[in-house]
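Each structure below is given as structure tokens.
Each of the two complexes below includes chain A, the first together with chain B, the second together with chain C.
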Partner chain A sequence: MKIALLGNPNTGKSTVFNMLTGLRQQVGNFPGVTVDKKQGSIKTPNHTQQLIDFPGAYSIFARSLDEQVVQDVLTNKEHTDFPDAVIYVADAANLERNLLFFSQLYDLGFPILLVLNMWDRAQRKGLRIDIEKLQQQFPAATIVTANARVAIGKDRILQALDQLQNGDRTPFFDLDLTTLQTDSTQTDNTNARLDKLRNIGLVQNAPTTPVNSSTRLDRILTHRIYGYLIFTAVLLVIFQFIFSFASIPMDFIDGQFVRLSAWGAANLPEGLLSKLITQGLIPGIGGVFVFVPQIAILFFFIALLEESGYLSRVVFIMDRIMRPFGLNGKSVVPLLSSVACAIPGIMSARTISDWKERLITILVAPFMSCSARIPVYTLLISLVIPKTYIGGILNLQGLVLFGLYALGILFALGTAFFLRLIVKSGKPGFHLMELPEYKAPRFYNVGIAVYEKVKIFIFDAGKIIVAISVLLWALASYGPSSRETKLNELKVSASYTKASPSQQQELENSLLLSQSYIGHFGKWMEPAIAPLGYDWKIGIALLSSFAAREVFVGSLATIYAVGDDTDNNKRLVQKLRDEKNESGQVVYSLATGASLLVFYVFAMQCMATLAVVKRETNSWKWPLIQLAFMGIIAYLSAFVVYQVLL
Partner chain B sequence: MSQTLDSISLHQLVEISAIASSAIAPKLSEMGLTKGQKIKAIFKAPFGDPIAYEINGNIISMRKEEAMQVEVQMA
Partner chain C sequence: MQQFLVIALILLALGYFIWHVYQLFFAQQTNCKGCGLTPKHSNESDI
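So, the complex of A and B:
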């Protein structure tokens, strides 16, 4: 049996879901759309059933992507997710409005269990709810009370599920809902239903004002100065955690995979398969896991802010600012998260209920300068930007770094503005939403949210990342047969025989990379990148850094035979400064360096982001379009910068 | 004299008299904004948009263009 869990947003529906299923849940998408479908098995006294958590909705008449899923599934008996029964979670402290959707589901004929959740809160507010009257109006429904935040009501719900009444009933409001298609018939039906619900007289002592402490807090948190200051402070704390503390587990994960590779290389029989495992597969999987700390930290904070009710206030104060760019207040968290890493940023865009706004947010998020760009920026800035002070105070290098971040933000918003005009959308986006009361977050819910995002990333995006990184490894580690000849030539050359053993190794690595398939490809495309001021060596570094931007530094180190240890950055900078082209000019001139900086601001040099966009848009179409337009913008602006500075 | 919801001043209790027909009309009803209900603006976002309203003990946030769909009169 399939049971649907339904209810309005902010009713504690996911808390009920977590209470009933615990960790026995999987997250996927509803067929054909990227709307979270959480599933878990539950054990009633007599059966084991499948519980499906649907997105929160206010009614069966859909106006958002989330609600469309609910409507599509519940009004189509042939749908694979069509439920046999419904658990409806209602906020007892806000009953009449919550009962609207319930009454619609009742009239659609589902065997239905009504859970009056947050029962304690309703009592504390002094509400008197007449359950008997409610039962009289909905005789075919089973009604239980619960308080899922403190795990009260689990047994009541599970027992009641075995005793649900079948679909035969007199409708609460006599109309066939599925025939209502126009705005006005839907509105009329909704109004009439609400009137009927209000006239039952279910609730006595209904509150007329929200809790005072809540509005007082709102006046500060949405204030035109303090509101933004507090939000900035919250962001600073989050970024502090990501930049300072995420690197500890990231380095640890990195180290463990390096050790695993080394162990494999020492213990596996030599051969192609062993190389594939130790040099291709293990580093590839490591490249997936290394993102986990950032994703976990970011979603920990996002879930915390969401649970507490603060996130909807952020949406509230940012909405007006984002609107001219075709985005809404909900785009703020994905975009700002992308300053740390576009992967969790894009994954968090799921909260945007309008598909067009969500898509635009996803498409422009990678323009925000992420932490992987920092090593590239640092290397290039120290290479070509002089360490001078403007007006004796402003460090020019710092100013350039700031400019690169600003450029990214500017292009993210600018591109969003253009995409707004291009991307088609079915329905206009709207903002209308509830600002829920502030609540202490439940860490169990936060923990589950983090666990699920990590799981989705590893299993869904991870496959693609491993596949691409193995491919890149193969292209960089193998080459045409001429490579062996070149290697033998190197080994008898004077510069090689005079070098120390470690230098010999570096020279060999350099030659192997430049003679690999990627190396040949880099040389082959030199004419295409020459107008940007790049030679084939830079070309190779660009190609291999598609795996991840910071690989650019390591690739250059290998090509210039300085060993790809980050401590060698100084050696690398020196080597790059000395590099001359055939006509004796410096390769890493200001023009080339600036052109490369701009290129890295714009280009989609990150296969992991691509994989996540594929997952979040459910097709290869959007990530490929994104790859293309980011590449074109990167190429053109690098071209302009180089030609102007030359 | 009737006004639309976007133009009322803060903390002024008004009564909803009509909702213009549009794609968002059913959503407004679902949020509890129906004819005869009392509503008041309680705080505004910076730049005066969106605006937070209190209705039936709930706080609802609406853009100005959305609030414009709601006609109100003095309560």
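So, the complex of A and C:
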């Protein structure tokens, strides 16, 4: 049996979903659309059921793409996701508004379980809800109370699911979808339905509403000055944590992969396959796993801030900053979502009704530093920025990371301002949002969020990183026939014959790599990137990371593993530090490192983001324009930074 | 045998990469009503 989990946004629906399914979840898409579909299995006393978490919706009459998905599924019995029953999660503290959609679902005839969630919050607010009266109005519904954040109500929900009522019922209100086709008839029907709900008198307010702690906290956290200072401090703390605490598990993971590679080289039978394993696969997979601690820390904090209700305040205060730059109030959520990943950020721009505003938001969203940049940033920062503390507290590396995020935000705002001068649009829209009350975060929910993100990073990004590592290994291990001739020439040269055996091996490896297919291609493109301070190996890593930014690290790991297989015990950072150019200078100098960092702040190095922009704009024109202007900005900025610091 | 396995792995990686690019840019996921920057959709509002 399929059960739909429905409700308004911000009612704790996802918390109920996590509570009921635990880790038995899969994330996919609703057929034909790019709206996330989470599903999982639940065990009631008598059955095992499939639970589908739908996007939050306010009404059966769709007003956004998310609601359209809900409407399409619920009004089409042939749809593959059409449910047999519904669990409706309502915020008990805002019951009347939440009952609008519930009453529509009731009238559509679904067997329905109404979960009055956040029951404790309603009581704290002094609200008295007459459940008996509610049951009289909706006799065919089953009603339970819950407080999913602290896992209260799980058994009640599971038991109630086995007792849902099928069959005929007296409708609460008229809902003939065949006649309610136009906006005006839908609005009239909705208003009349809301009036009827209000007139029942289900909720009695407490005589006076005292100023609660949430309101008191908001006075500080959304303050015109303190609000921003606190937010900056929160970000600084997160970046400090990423650098200070991730290094221990990262070093451990890195060490294990280096050891595995060395063990493979020593124990596997000599041949191509073992080289592919030790120089292509292991460094590639290691390049994915080594960044798991940092990704986990970043998403731990994001989930913590979201759970506590603080992230909504961030949206609120950022709205104030973005408005002078001409950004729509509704651009705030897409831009902030892009800090995790530009793809959901760009997709959430669908809520912006003015298409030009939406276009500007889509075009600037990838400037926000996403989590895929973290591996690149941290590798380069640890290479060229010393691990010193400012004032004994602030880690300089963390501060630089913070600066890179700030640079991305500033550029997104500046570009939006500039684009608004070119792309004419109507008045900026307004963003209405509800600020949820502050709550102590539930670490179970935080844990699930981190687990999901890490899983996506390992399996989605990981697969493409490994595939590219294997391809790079092949291109770096083979070359045109002239390679052998060059090798023979080397072997009779004076520099070779005078060298020690290990130096001879290094010379051979270096020549074989530079004469490989990838070496030839890299040397061909080197003149274009030399003004930025990059050699051909960096160029190859840069090019391959067009697939996804994180690939940069895996590519360097593979290229250096092939080019230097004399010492399998060296870590990538050490290999990069030791890398010298033909004139004996360090390749990864401060100028080159800073130039690379700036390049990655601005460049559109993400195939998946381009694909989403293409999908969302329904044309190739915008992704190609975006690729070009971000590429030009990245190139010019990297050039300036390198030339200034040289 | 080793050479055969290596070639198979390389082809697998290449195949996966091409499939990945195809899925991203060309797979049939574009038939959603709300997608596409057409000036205004009847089902989009300011809510």
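Here, the second predicted complex is superposed on the first by the 380 of 646 C-alpha atoms of A that agree within 3 Å, B and C clash if a C-alpha of one lies under 4 Å from a C-alpha of the other, contacts with A are read in each partner's own complex, and residues count from 1 in each chain.
What we mean here is this: a residue touches a chain if its C-beta (ideal position, glycine included) is under 8 Å from a C-beta of that chain, and two chains touch if they have at least 3 such contacts.
Every value quoted in this text rests on a predicted model; they were computed, and no experiment measured them.
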Looking at the overlay, what does A:271 touch: chain B (first), chain C (second), both, or neither?
second
Pick one for A:214: touches chain B only (first), chain C only (second), both, or neither.
first
Considering only the touch criterion stated at the top, classify A:355 as touching first (chain B), second (chain C), both, or neither.
second
Partner chain(s) touched by A:222 [first = chain B, second = chain C, both, neither]
first
Regarding the shared-chain residue A:580, is it in contact with chain B (first), chain C (second), both, or neither?
neither
Scan A:312 for contacts with chain B and chain C and give back first, second, both or neither.
first
For A:63, select first, second, both or neither according to whether it touches chain B, chain C, the two together, or no partner.
both
Between chain B (first) and chain C (second), which, if any, makes contact with A:611: first, second, both or neither?
second
Show which residues of chain A both chain B and chain C reach, each in its own complex.
58, 63, 183, 430
Touching chain A in the complex: which residues of chain B?
19, 21-32, 34-35, 38, 42-47, 49-50, 52, 54, 56-63, 66
Which residues of chain A touch chain C once you look at their complex with the stated criterion?
29, 32-35, 58, 62-65, 67-68, 183, 271-273, 276, 350, 353, 355, 358-359, 429-430, 463-464, 466-468, 470-471, 474, 547, 607-608, 610-611, 614-619, 622
So in the complex, which bits of chain C are touching chain A?
2-3, 5-6, 9-10, 12-14, 16-17, 20-21, 24-25, 28-40, 42-47
Give every residue of chain A touching chain B within the complex, in rising order.
58-59, 61, 63, 94, 96-97, 100-101, 183-184, 186-187, 190-191, 194-195, 206-210, 214-215, 218-219, 222-224, 227-228, 312, 315-317, 319-321, 427-428, 430-437
